[in-house]
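What follows is a pair of complexes built around subunit A, which joins subunit B in one and subunit C in the other.
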Partner chain A sequence: MIPKEAIKEFESIVGNEYFTVDPVICEGYRGGPGGYECGLGYEKMMVRIPKGIILPRQTSEVRAIVSVCYQYDIPYVPYSTGFYGAKSHPHVENALLIDLKRMNGFEIDERHLLAVVEPGIIYSQLQEEALRRGMYVSVGGGGGQVSVIANMINDGTSPHSYRFGLAQRRILGTEMVLPDGDLLRLGSLAIQEDPFWGEGPGPDLRGLLRGGTGWRGSFGIVTKMAIKLMPFQPEALRPEGVSPQTSLRLPQNRVKWVNIRMPDHMSLKKAVYEIGKAEIGAAVMKVPLFWRAVARAKSKEEFWEIWSKESEERIQSFHLLRVLLIAYGSEDQMKYEERVLTDIVTELGGQAQRTKQTDESWFKNADSAGMWLMCGGYISVDYISETLDHAVSQGERMADLKRNFTPPLMPDYGERGWFQSLEMGHQGYSEYLIYWDPEENTERVDQFYLESAKENIRRRFYTALLGPNQPLYLTGPAYGRDYHQWLLAIKNEFDPKWLCHPPFPLAHDQFIDEAEWMKTLKDWKEPGLKERKVFPSVKSQTD
Partner chain B sequence: MRITEDILKLFGPEQLYYNPQTLDHYSKDYSLFPSKRPDCVVKARNAEEIQHVLKYAGSNGIPVVPSSSRVHFYGGTIPQKGGIVLDLTEMDRVLEIDELNRRVRIEVGLTWGKLSKRLEEKGLRVMMPLYPHPLRSVVTDLLEREVITNTVYEYGESLQGMEVVWPNGEVFRTGSASVEGYPESICKGVNPSGPGLDFYRLLQGAQGTMGVVTWANVKVEYLPKMDKIFFIPVSNISRGIEFLSQIMRLRVGQECFFLNRMNIALIFDVDFKKRGERVPPWTLLIVLSGFQRYPEEKIRYEEDLLRNLVKGEFQELLLLEELPNCPFSNLEIVRMLRRAWPDPLTYWKQRYKKGCQSLFFVTKPSYVEKFVGIVEALAIQSGYKKGDIGMYIQPIEQNRACHLEFNFYYDPENGPEKEGMAQLYQKAVLRCLNEGAHFTRPYGEASRVIYERAPEYVRTLKRVKAIFDPQNLMNPGRLCF
Partner chain C sequence: MAQKQFDFDITRIDHFLYDMRGCIKCKGCMWVDHIYMPGIRFSTRCPSATRYFFDSFGAYGKMRIGLAYIEKRLPPSDTLRHIFYVCTLCGACDVGCKRNLDLEIGLSLEALRVKLVRDGVGPMPAHQKKADEIFLCHNVFGYPHKKRGAWIPQKISPTKGAKTLYFAGCYGSYIHTEVSRATVKILEASGTPFQMMDDEWCCGNLLFSVGMIEEAKRQAERNLSIVRESGATTLLTSCAECYRMWKVDYPKILHLSTSELGFEVKHLTEFVHEAISEGRIKFSIPFEGKLAYHDSCSLSRLSEPWISWSGERQQWGILQPPLSRRRGTCGVYQSPREILNLIPGIHWAELHRKKENGFCCGAGRGTEDAFPDFAMWAAEQRLEEVVAIGAEGIISACPRCKSNFLRAVKKNQQELQVFDISEIILASIGGVKKERSGDRRH
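And then the complex of A and B:
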């Protein structure tokens, strides 16, 4: 339970209206069923209902709350929109959930191409305001409904990353409350009130915020962030359709999707390399056949009707390249880029397909909710930014590995995942999604998640899912080397009591130690108990 | 001396230097900052040798100052607390050129002069700062976040995965170069991010205080097939900046920046006397480029955009296709932009009076006029000729921000002039700081006043530094350490 003295202090910080220990309200913050990681053993075993909910309005309140947590040893979890079903929620008993939705400050600076957001602001709001002013932002795969800040410090890749680059490059002046309550302002905010610049002074402490992905809420609370916006072309994207079947109509003279059927996987990859080399396009990707079924189906039943007609043979011969062209400067730019694109794909035997000129996913809606309807649960079991070659090879290897885990995973006929070009071909981004029915036994899904991490290590693949997403003592020695030692040293320095979303970044290690169906897969060494941070057994908490 | 005796056991005399002349050489640079001798200099040739030095230094509490080249303008390698200078200039190999993935892997001592030449032979280029000194280290300039002249690519930063020897002597690889067995792996090290944290960010702007980088992967691009350069004389800098903002939002141009009259004269050897008083104070240079396919078409539509803008809102501007009275052809000027300065003896920042003290920071373009006024007024008050100040404005990220640089040329052999220069520089730092300038990489004495304004940042920086370098042996006395 949260001590009475602490309750009084929390109430004095935010007022009675914005703090509660009411079990009914706390129950409302139970994770899932939300689709992402839904119904996995990890969720069942690790997630706890918070014992208190607090909603601060400003940074000073966040600092005061963290300070009380440190005084009374109360574990706390920052929460914005909770996209990461299981990982967004408390993993230990008696935790305080700090819901940041009231922190919804928002400013946009058209002249200097940036927006300043608080954690309660979601992409849908930001993109709408940016588009109105001739700018746009990259909406991550989590969708328009996710918190901008949470996405920027944890993930943030989208097809627009082809031009925009890695998400963390767009983080500018940032304010955060460190896990122990200390305040940190990054970039120009370190010295002045203007957050227009992200670096320095001197070594760039934005390096603490994340790596390929972030801390999942276990390294303090970002309370304000300025992010870069990009200038867009001048014509409007017109909304059409009736919810939930909505889309944006593209002005084809300025914005255009082009679908191209390539003869084989190699030519598709080569085309992606060549497009980057020619420096054209605004997004370039390989589309899995599976997406087509999702796009065409209007219901779960219809999806299965379409999908069950597919075959391994058809998957292996389906090589669809999808390119987004944006004429930022003039319609002549569109003509030029279309001409170059046509040249490249024609040389490689590609054939342009009739392409619907609407967008459902990548400008505003990012309709990720549609992606899990067919099964009920899904997760990106891996995502990586390395070369395009790496993207293709890793997808092939994951597809092979997955065969051993299907079912319970959804049959996908050997689909090799999707990949896209990143930073104009300097990198390739690949993502491997898996789907399952949460009503079935999902132990093998948990096992596949772990096996994918081991496969990366065996094959020397890179992955964004290092840090808290996989067992830290498994991946630590294999990357860096021993990156986990630095990660843990930083955690220990800034959160000596490990109160900020425990047991991250060791949550997955603990899960594997305690889940009976995972124990047999543990074949790596870890430090002795004296060195390792130990938390009360999640099993004993359940008991 | 004990240090040299000990190090002689690790390295032969061909790698260890401690004679007074050599120590004098390493005690100073081209900056205004006071000299200070190291105890010795060790020339390392690989990561293992760096490990030996760091482990020895750690065991004996001896400061270590990494130095990747012998050309420094800001005092960053003057050993303020003595100790060992770790000279990395012999680590200057190009380890890989990977054309498919548009990257090179280079050692830390490789210079702009050597790299730009190697890449040009392959039809490639690395994005470069404005005419870098040919003997400066590429990796160090990228770590120090030297701004590049080509800002058309939104993804910007060139650094990718790299190798660092931490102060405790452990070798670590960042980003996707962190996989076991690299470079013998499918991973090529193109992703700078991770593992777990963005370690590379902690190494940037650190002036060697966080560890010793040994090699890095760097993005390269293809050289354009065709270029066209425009020179746009500008009298009112705020109008020029407004024009620039509009063209950059249209994604027009590759290299693009403003130089003032003084810097145009120094870089392009232009004789302004011939041009009389009508010479405008600023010139905007913009290069339009076409790539492998239909290069003319790309240049044509970009040029149309430029001309339409001038015909419309900016009729007072002229799009000149030549720089008057310039001894170089337009093609040569474009080539120069993609190469290091050709001769170290005539480096443009040193050709007027040998010495150059640069004051630079990041700001919003709308503040440029204000800062120019402030700095010119301070210079006049200090008896410095206003017309002798070189100025360079580099737009960044569609001109949402800019790098503003003032170059004060002075005679380093003239004591009173040098002293006056130091005072003017300090005054200018303080005044610009008060007016909102953001110094992303503070050097020397200026860092003290800058860090005084950032107590929270300094507190966290020191906590992080203590994790990686608990004895504060890496370049002590630098930044806020």
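And then the complex of A and C:
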């Protein structure tokens, strides 16, 4: 229970209207049963219903709330939209959920191409405001509906990262409430109120926010962020259609998608390299055949009708390269880039396909929600930002591993995942997505998830999710040898009571310890619960 | 796990568990379709989630709370009842969900209300009072039944046995009689003989919407049998909520498809649109004004025909036989717009949130009856949008919307004009100019 004294203090901070311990309201914040990583063992075993919900309006309120939590040993979880499924919800009993949606401050600076957002602002809002002013932002794979801040500190990758660079490079300033209530300002916000670039006087604590990806809110609460926007071409992207067939009509003289059928996997990869070297394009990716079926189907039933006719042979011979061209400077740029692209792919035996000149996905939407349509259960098991070769071969290995777990995973005929080029070909990105029927037994899906981490370790694939979404004592010693020790030391320093989203960063370790069907897979060493430092908020659940 | 032989009967809450469990908190039910996202302002389409902030008031919260209630993990309470009724059932969540996921969120919410009533938890006391008035006086206001037809202009006489039957509804009969009067004058101007029921009763919208399914069914059976016996081939309404009841919810309650009703259900805007194309109506009198068009939920995203379905759910959730989903795609969006495009003199504009992304006025489906402050708030939100686009007033195609907008205009002493589209049509065909109300009254 949340102590009565704390309840009074919370009410005095935000007012009665924005704080509740009503169990009905709290039930509305349940993580599952549907959602990202939901319906799996992790969600079923780890996720708890919060005991109280509080909705602050400003940073000073967040600081006051966190201070009360520290005073009364109340575990808490920051929450912006809740789309990140299981991991964005409390994992321990008696937790306070700090719902940040009322913090929806927004400023945009056209002259310096940046926006300052609070956690309640989502990507599609930011994108529209930017487009209206001749700029644009990269909408992360999480979709138009996710909090900009939450996405930027957890991943933030999109096909636009080819031209834009990775998300962490576009964070110009951050205001963060540390677990004990202290205020930390990073980047140029550390110097003054005017964010203009990403650097501050140092020391640089941006690692608290994220490495390859973030720590699910367990190192504090970001209350404000300044983000770089990019200049766009001058013509409007016109929305058209009625739901569910809505899209943005592209001005083809300035913005164009080009689909190219390549003869084989190697030529596709080579084309991606060459496009990067030529420094053309705004997004470059390989599209799984699976997604084409999703795009063509008007319903789940139609998808399965299309997909069930596919075969391993066809999947292995389907190599579709999709390139977005944007003529930022002039219409001549479009002509130039089209010619260069044609030269590259023709030389490699590619053939341009008829391509619909609308965008449903990558400017305002990122239809991530549609990933649940086919089976009801979905997660991106892994994503990787390394060299293109590395990214591509990881997808191949994952496809091999996946065969052993199909079913319960959806049959995908050996599909090697989705890969794309980042930062003009200087990096490769691979994302491996899995789908399952949540109405079936999902224990093997949990096992696949863990086996994918082991495969990464065996093959030395560096992946973004090796930390927050896998057991720390498995991945920590394997990558950097002692990074888990450093991480835990930092956690102890900044959050000595482990009240900020416990038991992260040991959440997955705890899951493996407690799930019977996972125990046979545990072949790594770690301190037992008794030896491992277990903090009060975690202990109540593990004892 | 296959779900053997089921249908979308809203008296069977167990038929909706799959849909309720499937919610992924993408909140597509709350946000405007991201393709149409207008920016920071006017970015949501769910009134209750917008007004009450907590996730529990969005469909994503209601699905979780509903499951907990069904599974007896949550006992009934005032909060629980409040959450399920302080909701306009406007269909925004349903079409939002079906943008990506095809879950039957709207039907789940209706089924939950039916369950609450059957469990003795619902409806709200104010709803019960209204229901009693319907039983006693056959209208939602408790006004004398004998005065129901008093609005009919003396010079206009319904024609027994005519192919078109006009159903005026409670709002058209008692509150916004200018809408009904305009409608019959438009019918007359187009040379369309029409009949009316000898003894018109409420359509039962409130009963159905709050979950009083047995009572709504009796109302549906009674009304339906009268129309079937009348020989009419078209049932015409000028109220969007009556329209939805007749076209969608009567078949739903009675396990029919809309096509099996035995007659066609038309809204005035559809009728006028057709009459224009056939040359039976022409607009000649300019109607000056800079006005915004508001999509009434029951005419737009909620109005697609009901198709009775039964079958089974197979692995991956596949329905067999495949179901033609009602996603709000084919709502009545174009007819009113094309009518307005043809009215001389008028400068009408789209609101930021339009068509399937429209923001409900807040009045319908029992909301205003039990939660007048919330309904007022929703109307105020919509009128803010009207002001933001620089319009001087608002047009809707439902007297219920008109009524609620007028309340908000009066409360805030705004200069905004509020019209039903029937008034504009009538004025422009040279009906009765003095009936141009541009109401700021009430």
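In this section, the second predicted complex is superposed on the first by the 526 of 543 C-alpha atoms of A that agree within 3 Å, B and C clash if a C-alpha of one lies under 4 Å from a C-alpha of the other, contacts with A are read in each partner's own complex, and residues count from 1 in each chain.
FYI, a residue touches a chain if its C-beta (ideal position, glycine included) is under 8 Å from a C-beta of that chain, and two chains touch if they have at least 3 such contacts.
Since we're looking at a predicted model, the values are computed, not measured.
*Asks:* Clash or fit: how do subunit B and subunit C relate after the overlay on subunit A?
*Replies:* fit
*Asks:* Once the structures are superposed on A, label A:R57 by its partner contacts, choosing first (subunit B), second (subunit C), both or neither.
*Replies:* Once the two structures are laid over each other on A, A:R57 reaches no partner at all.
*Asks:* In the superposed arrangement, does A:K491 touch subunit B (first), subunit C (second), both or neither?
*Replies:* The answer is neither, since A:K491 touches no partner chain.
*Asks:* Contacts for A:Q427 in the overlay, against subunit B (first) and subunit C (second): which applies, first, second, both or neither?
*Replies:* A:Q427 sits against subunit B, while subunit C stays out of touch.
*Asks:* Between the C-alpha centres of subunit B and subunit C, what angle is opened at the C-alpha centre of subunit A, expressed to the nearest 10°?
*Replies:* Once the two structures are overlaid, it is 130 degrees.
*Asks:* Applying the document's definition of touch, where does A:R322 land relative to subunit B and subunit C: first, second, both, or neither?
*Replies:* Neither partner.
*Asks:* Of the two partners subunit B and subunit C, which one touches more residues belonging to subunit A?
*Replies:* With both complexes superposed on chain A, more residues of subunit A are touched by B.
*Asks:* By the touch definition at the top of the document, which applies to A:M374: first (subunit B), second (subunit C), both, or neither?
*Replies:* A:M374 contacts subunit C only, not subunit B.
*Asks:* Could you look at A:G480 and tell me whether it touches subunit B, subunit C, both or neither (first, second, both, neither)?
*Replies:* The first partner, subunit B, only.
*Asks:* Which holds for A:S124: it touches subunit B only (first), subunit C only (second), both, or neither?
*Replies:* The answer is second: A:S124 touches subunit C but not subunit B.
*Asks:* On the overlay, how many Å separate the closest CA atoms of subunit B and subunit C?
*Replies:* Superposed on chain A, the two chains' closest C-alpha atoms are separated by 23 Å.
*Asks:* Where on subunit A do the contacts with subunit B and the contacts with subunit C coincide?
*Replies:* Of subunit A, no residue contacts subunit B in one complex and subunit C in the other.
*Asks:* Taking the touch rule as given, give the residues of subunit C at its contact with subunit A in the complex, in rising order.
*Replies:* Touching subunit A: residues 1, 18, 21-28, 31, 33-40, 43, 53-58, 60-62, 64-65, 67-68, 73-74, 77, 79-80, 83, 95-96, 98-102, 315-320, 322-323, 325, 327-329, 333, 355-357 of subunit C.
*Asks:* Quick one: in the complex, what on subunit B touches subunit A?
*Replies:* 100-103, 145, 153-157, 170, 172-174, 176, 178-182, 185-188, 190-207, 209-210, 219, 222, 245, 249-252, 291-294, 297-298, 300-302, 304-305, 362, 364, 366, 397-398, 400-401, 433, 436, 438-442, 447, 450-451, 453-454, 456-457, 459-461, 463-468, 479-480
*Asks:* Quick one: in the complex, what on subunit A touches subunit B?
*Replies:* Those residues of subunit A that touch subunit B are 111-114, 134, 163-166, 168-169, 178, 182-188, 190-192, 194, 196-197, 199-212, 228, 230-231, 273, 276-279, 328-330, 332-333, 335-336, 339-340, 343-344, 385-390, 393, 423-427, 457, 459-462, 464, 466-467, 475, 478-484, 486-487, 489-490, 493-494, 505.
*Asks:* Sort out for me which residues of subunit A touch subunit C in the complex.
*Replies:* 18, 20, 22-30, 33-36, 38, 53, 55, 81-83, 85, 99, 101-102, 104, 106, 121-125, 127-129, 132, 143-145, 239, 241-248, 299-302, 304, 360, 364-365, 367-370, 372-376, 410, 437-440
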